[in-house]
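Have a look at the structure that comes next, please.
Residue numbering begins at 1 within each chain, and the chains themselves are lettered A, B, C and D in the order written.
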Amino acid sequence: MTIRVGIQGASGYTGAELVRLLSVHSEVEIVFVTSERYAGQSMDKIFPHLSLREDLVCRPLEDDSLLSSCQLVFCALPHVTSMKVVPKILAHDLKVIDLSADFRLKDSAVYEAWYKETHVAPEWLGEAVYGLPEIYRDRIRDARLIANPGCYPTSVILALAPLLSGGGVIDPKMIVIDSKSGVSGAGRAAAEGKLFAELAEGFRPYSMGSHRHTPEMEQVIGDLLGETVRIRFAPHLLPQTRGILSTCHVRPVAGEEGGDWRGRFADFYRDEPFVRVMKDGVLPATNHVRGSNYVHVGVVEDRRTGWLTVLSTIDNLVKGAAGQAVQNMNLMFGLDERTGLTQLPLFP
Amino acid sequence: MTIRVGIQGASGYTGAELVRLLSVHSEVEIVFVTSERYAGQSMDKIFPHLSLREDLVCRPLEDDSLLSSCQLVFCALPHVTSMKVVPKILAHDLKVIDLSADFRLKDSAVYEAWYKETHVAPEWLGEAVYGLPEIYRDRIRDARLIANPGCYPTSVILALAPLLSGGGVIDPKMIVIDSKSGVSGAGRAAAEGKLFAELAEGFRPYSMGSHRHTPEMEQVIGDLLGETVRIRFAPHLLPQTRGILSTCHVRPVAGEEGGDWRGRFADFYRDEPFVRVMKDGVLPATNHVRGSNYVHVGVVEDRRTGWLTVLSTIDNLVKGAAGQAVQNMNLMFGLDERTGLTQLPLFP
Amino acid sequence: MTIRVGIQGASGYTGAELVRLLSVHSEVEIVFVTSERYAGQSMDKIFPHLSLREDLVCRPLEDDSLLSSCQLVFCALPHVTSMKVVPKILAHDLKVIDLSADFRLKDSAVYEAWYKETHVAPEWLGEAVYGLPEIYRDRIRDARLIANPGCYPTSVILALAPLLSGGGVIDPKMIVIDSKSGVSGAGRAAAEGKLFAELAEGFRPYSMGSHRHTPEMEQVIGDLLGETVRIRFAPHLLPQTRGILSTCHVRPVAGEEGGDWRGRFADFYRDEPFVRVMKDGVLPATNHVRGSNYVHVGVVEDRRTGWLTVLSTIDNLVKGAAGQAVQNMNLMFGLDERTGLTQLPLFP
Amino acid sequence: MTIRVGIQGASGYTGAELVRLLSVHSEVEIVFVTSERYAGQSMDKIFPHLSLREDLVCRPLEDDSLLSSCQLVFCALPHVTSMKVVPKILAHDLKVIDLSADFRLKDSAVYEAWYKETHVAPEWLGEAVYGLPEIYRDRIRDARLIANPGCYPTSVILALAPLLSGGGVIDPKMIVIDSKSGVSGAGRAAAEGKLFAELAEGFRPYSMGSHRHTPEMEQVIGDLLGETVRIRFAPHLLPQTRGILSTCHVRPVAGEEGGDWRGRFADFYRDEPFVRVMKDGVLPATNHVRGSNYVHVGVVEDRRTGWLTVLSTIDNLVKGAAGQAVQNMNLMFGLDERTGLTQLPLFP
C-alpha cells in the first residue's frame, strides 16, 4: 500500500517532524508540502537536517493543485488558519489530520472563551474525532477528520486514564497538574522568550491558570468520568528542547488508598504498543522517550499525606504531535499502528 | 570590624561559594579552610575560578590549630560528619554556622527516621537556631549555633509564610509543593546521575515522598501555624546548574478566596532586603536571581478551581546555602544584613 | 537474511547505541549482550530508553557459551580490555567489529607510545581493516576483523580526503585541526569533569597535543598522501551531549588557490550514501546530523589569508561509533550499506 | 568621588550588564538610561533580575536634557546608530565610552569595507582611544572618547600580546584564530538562529572569513608588531550564554622553539589585575571567568608539529564589553582600576 499525503505547514517544527517520520515510513509517499513563509524553497534549505529531501519544494498554502493526488492531508498550521483551510480540503473528499487546536473542543463556545477567536467551522466539530488512540482507537479508524491532541493533554490524559475507568478512583475535585515542557512546543517563530540566553539556566512558569490546553484535558477527562471536571493546570518552560513531563497530583477516594497502582496501570495499558509503565524504583525522564512515540508512566503513592502522584513523559513533537498523527494515519488506513514509528528513543 | 572565620569543607560547591562571597566581604578575613579530599592543595587548584585565592591552602579536617584565631566557623560538611565536628568547635567557644542538615530538626527521632542515622549530638538541637532571617531574625542575632536552612525549605517556607500568619488563611491539609532544582544542589561528587549526558534534555522527578527536606519544611510551617502539618513534597531535577523554583499549590480557606494576595505578600516582606514580590504579570524565573541572595516570589489565584499558586525562586547555592550563611553571620555580628551580599543577579 | 550478533560491553553509551540501532535493523538478531558491571541485569534497567529490550539480560564478559550461535561480535569494550578479548572471539571463527582503539594503529610501537600500554595482540594488526567505508570499502567487505574508527578521526579524515587524492592539493606540513566534541564521547563512567555543573556554560580545551586520536588520523592521511604527516590536533569539550564538529585549517599548495572546492568535494562524495556536501551559504552544525549516520561537510576558502577551512560534523555515537559499525557490518554481509541506518537526523 | 553617568541603550544585554556593574560601584551614580524600544519603562520591568532598579526609567534616545548633569556617557547602541549619537554627546563636553564598533578602526575605509556602511564621523577616529587597558593604559587615562574593544578582539589580542613585543617571536603570516563564543554576544533581539531549540546541542561555525572583528584584531596586532598582518579568524557559536574561548594557533620563529612560554606570559602580565596566566596542567574554561572581568590565559607548545597554542577566555559581556568599559572609566577618572570589578567568577 502507498498512502499519498500532503503536508500543510511544513516549515514549522511539527511540519519538519512529519517530514522526518514520513520519509522513512514504508507505506507513505509525500506528494506535496506547503509553507506560507518559505514558498518556493526546498526543505533541505529550510531545515539542513532534512538534507535528503531537497526534492520537496514548499508550495504556497493556497495551492490546491495536488490535493486530488492525495488521500490524506496533515495540517500543521497555526490555530485559526487551520479552521479556514481544513474545510476546503475536506471538500475534496480527502481525509485530514489536523494538528492545531481548532477541532479538538466539541463546544465552540468553550473554544471561543479560551482562544478569544470566533470559530468559523463549528459544523465540523461534531464529526472531528479526538485522535488519542489509547482512548478513542475505534472512532479513529473510521474518521474523516482527526483533531490531533495537544502535547500537554496527551501526557496528562494518558497519566490519568487508568484512574478514571469504572467511575474513577480519584477525587475529581482535587486534580493538580504540574507540567514542564521543552521549548520546541512553542514553535520556531523567533521571540525573545525563546532565546537560548533567556532560557538556559532559566526555568520558569507561564500561563498559570490560562493555558489553552486546559479545557481540552477537562473535556476528555470529563468524558471518561461522565461528569464535568475542573483541573488546576500549571505549565512551566524547561531549559531543554524536547520533552514534556507531567506531575499529576491526585487523591484516591476513600477505600482506594494503598492500592496496587502499578498493577492497575500495567493492566490498563497491557496491549498498548507505545505506553510503558515503569517498574518500581524507576521514574520517567524526558530523555528516555526523546525522538520516539513512546510514553513512559510512573505512579507513586504517598500514604503519609494521602496524595497519589502519576508521572508521565512524552516527546512533545512525536507522541505529542507528529508521531501521534502518524499513529492515527496508520489506524485510518488499516496499517499496523506501529508502522514507521518503531525507532527507539535517542539517549543520551 | 574584621570577623575572622574558618571554613570546614571548602572543596565542595557550597564551600567554594562561601570563599567566593567572603573574599569580597569588607568585614571578613578567611583564616583557614579545610578539605578532607584536597588537604594540602590551594583553592585555585581545586577551583580555577578562585584563581585569586592561591593563598588559601586546604588543611585537614581535624587540624584545629587555627580555631583559636577565629570567631566563627562555617561548616560546609556532609551531614553526619557535621554533627561530629560541630560540638568540638563549639567547645572552643566559637560561633558556628552549620550548613548541613544535622542541627535543623528539633526532634532527633524525626532526624533518625528520615536520615536513617543515629544523632550523636542531640544535646545541641535545642540551642541551634534555624537560620532563616525572614522568620527567626531576632533569635539568630543571639545564637551560638546556626542551623543553616536547606535550599528547598528556604524556597518553600518563604513562599508560604505570608499565608500562615494569624492562624493562616490556607488549608494546612492541602499543601502540594512541586519543586524543581538545578543539579548543583547535589554537590560535586561524581555520580552517573549528575553527568551532563544524563541530564541535558533530561528533566526528571526524584525522591518522590522520601526527600529529606520534607520534615524541615513541616517543622517550620507547623511552628508558624501552631499545629502539625503534612506536606506533599515532589522534587525534580532540572537540566541546569543553579536555581530552585518551587510551585506551591495551596487552597485558601472559605472566606479568603479572591483576596489581595499580592498586597498581602508585599506587606509581609515590605522591609525585607532580599525578598522581592513580583509585580502583576511577572512570574519568577531562576535566572533572575542567579548568583545573588535574592528571593523572587509571585502569587496567582485560580478562581475557577479554587487553587492558589505561590511561586518562589532562589539560587540554591546563595540564598539556599552560602549567601544565607553570610546573611546569618552579618546578623550575629551586628552588621548590616546586606554586607557582602549586594551583588545583583547575573543575567543572562 | 538474519545476521546473528553479540555485543560485548553493552552497558556503555556505545553499546546502548548499538542496541538502539540493531533493534530496528531488519536483518539482525541480537543473540547476547555482555557487561562487566551490570551482569545479570536487563538492558531496560540499565537504560530506561531501551524499555522494549527487557529481553536482553547482560551476561558476564567471559561467558562464551553463545559465541557459537553468532556470526559477528561487536566489541564495545575499553581499549586494553579489547585486545585481550578480541583474539579469543576470532578463535571461534567469527567476524569481529572492534570499536576500541586497539586494532586501529598498524604499528604497535606507535600504539604503545600514545597509549602507554603494551600491545598484547600485535599479530592481528596486519589483518585488521580500518573500518571507514568511504576510504576502505573494498577491504571492509572481505575483512574478518574491523577496527572501527575513532570519532574525531572519522570527522577529520572525511573532511580532508577530497584534498588528498592524486598527490594532494594542500600543504601536508600545515594541517591544523581544531575539533569540538560533545561529552558523550567520553563515556558513561562517572567523573567530575563530565558533571553537568562543570560543563554547562563551561566550554574548554583538553589534551592539547596529547590526544590519542592524533596518530590514527596521521596514519590514514599519511596513507592517502603516500607520505608521513604530522597534524596539529586541538580537541575541545562542548557543553552538549552528542556531536563533533571539526574545523580543519589547511593551505592549498601554490597554483591551487581559488579552486572550485565545493565542486571537488561534491564529486568526491557523489556516490556516498551518508556524506552530504553543504550548498554554498550553509555551514554544518552538530544538530543537523544528530542521531543519524550522516556526515555534513562544508568548505570555505579565505583568499585574503590563504587558508582553506573544511568543516565537518558527525554524531560521535553514530557515524563516530555504533552507526559506522553497523555500516561496516552491512558491507561485510553483502547488505545494502544503508540498511538500518536510514533514520533522518533528530532536529531540533 | 561620585562620577555621574548616563547609559545610552540600556535595554540590550550590554546595557543591562552596565547597570548591574555600576549599581554596586561605590563611586558612580547612574543619572539616566535610554532605550529606543522601551522608552517609558523601568529597568526592572525590562529585566526582572534588576528588580532593585525600578527607579531607572528609560528615556528616549534623543532626550538630552540630563546630559549636562553627567560627566560620562556609556553608549551601548548598535553600530551606525552610535556614530550618529556620540558626536552630539561629545559636543556637550562630556567623556564618552562607546561600546559599539564605530570608533575602533582608525581607517574609515577599512570600516566601510567590512561594515558596508559609510562612516559619518571620521573626524573622531583619530582622537578615539582603543580601550584595552593592558595595551593602551596611558592613553586611556587622558582620553575623551574610548572605543571599547570587541569581545573577540579582547580575547585574541590579550592572548597574543606577550608574543609580539620586541619585534615578536611568532610568524605573523601564520596566525590562525579559532574562536568560540556564547550566544549573548549576539544581543537580545529575537532571531531564529539564537533560539534555544536551534542552539542547544547545535554547535556551529559562522561568518567564516567575513567576521567584522577581524580588522580590529589586525589593527592592534599590526600596531604591536609594527607591520601589517592578516589573520585567519574562524568564529563559532557555542550552546551556552556567556563566555568566549579563543584557541590561537601560531608558530614560533626559528630559534624560539621550546621557550619558557608560561614564564614569558607571567612576566608580561605580572602587574595586571585582571589577567591570570594558568599554571602548568590547567587550561582555561569559560565558566572559570563567568560574570567577572578576569581573563584566563594558557599556553601549550607542541614540539612535534611546531605549533604553539595560546588559549584565552573571557566573559564576553564583562571583560568583553561592560566590565572593560567600567575598567576604562576607572582609569579616566583616576580611580583604582579594580573599583566595582572585584567580584569573583560565578562557578559552577
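Just so we're on the same page, a residue touches a chain if its C-beta (ideal position, glycine included) is under 8 Å from a C-beta of that chain, and two chains touch if they have at least 3 such contacts.
Remember, it's a predicted structure, so these values are computed and weren't measured experimentally.
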Relative to chain A, which chain has the most distant C-alpha mean position?
-> D
A-D against A-C, pair bridged by the larger set of C-beta contacts | A-C
Taking each chain's centre as the mean of its CA atoms, chain A sits from chain B at a distance in Å of 39
Using CA atom averages as chain centres, what separation in Å is found between chain A and chain D?
-> 46
Averaging only over C-alpha atoms, locate the centres of chain A and chain C and give their separation in whole Å.
-> 36
Where chain D touches two or more other chains simultaneously, the residues are 13, 182, 184, 188, 197-198, 200-201, 239-242, 284-285, 287-288, 290, 348
As the complex stands, chain B meets chain C at residues 13, 182-184, 188, 190-192, 194-201, 239-241
Chain C to chain D touching residues, read off their complex | 174, 176, 178, 180, 182, 197-198, 200-206, 208-209, 230-232, 234, 236, 238-243, 245, 247, 249, 283-288, 290, 298, 300-302, 304-305, 307, 309, 311, 348
Can you name the residues of chain C that touch chain A in the complex?
-> 13, 16, 20, 23-24, 45, 47-52, 184, 188, 200-201, 241-242, 276, 278-279, 282, 285, 287-292, 294, 296, 342-348
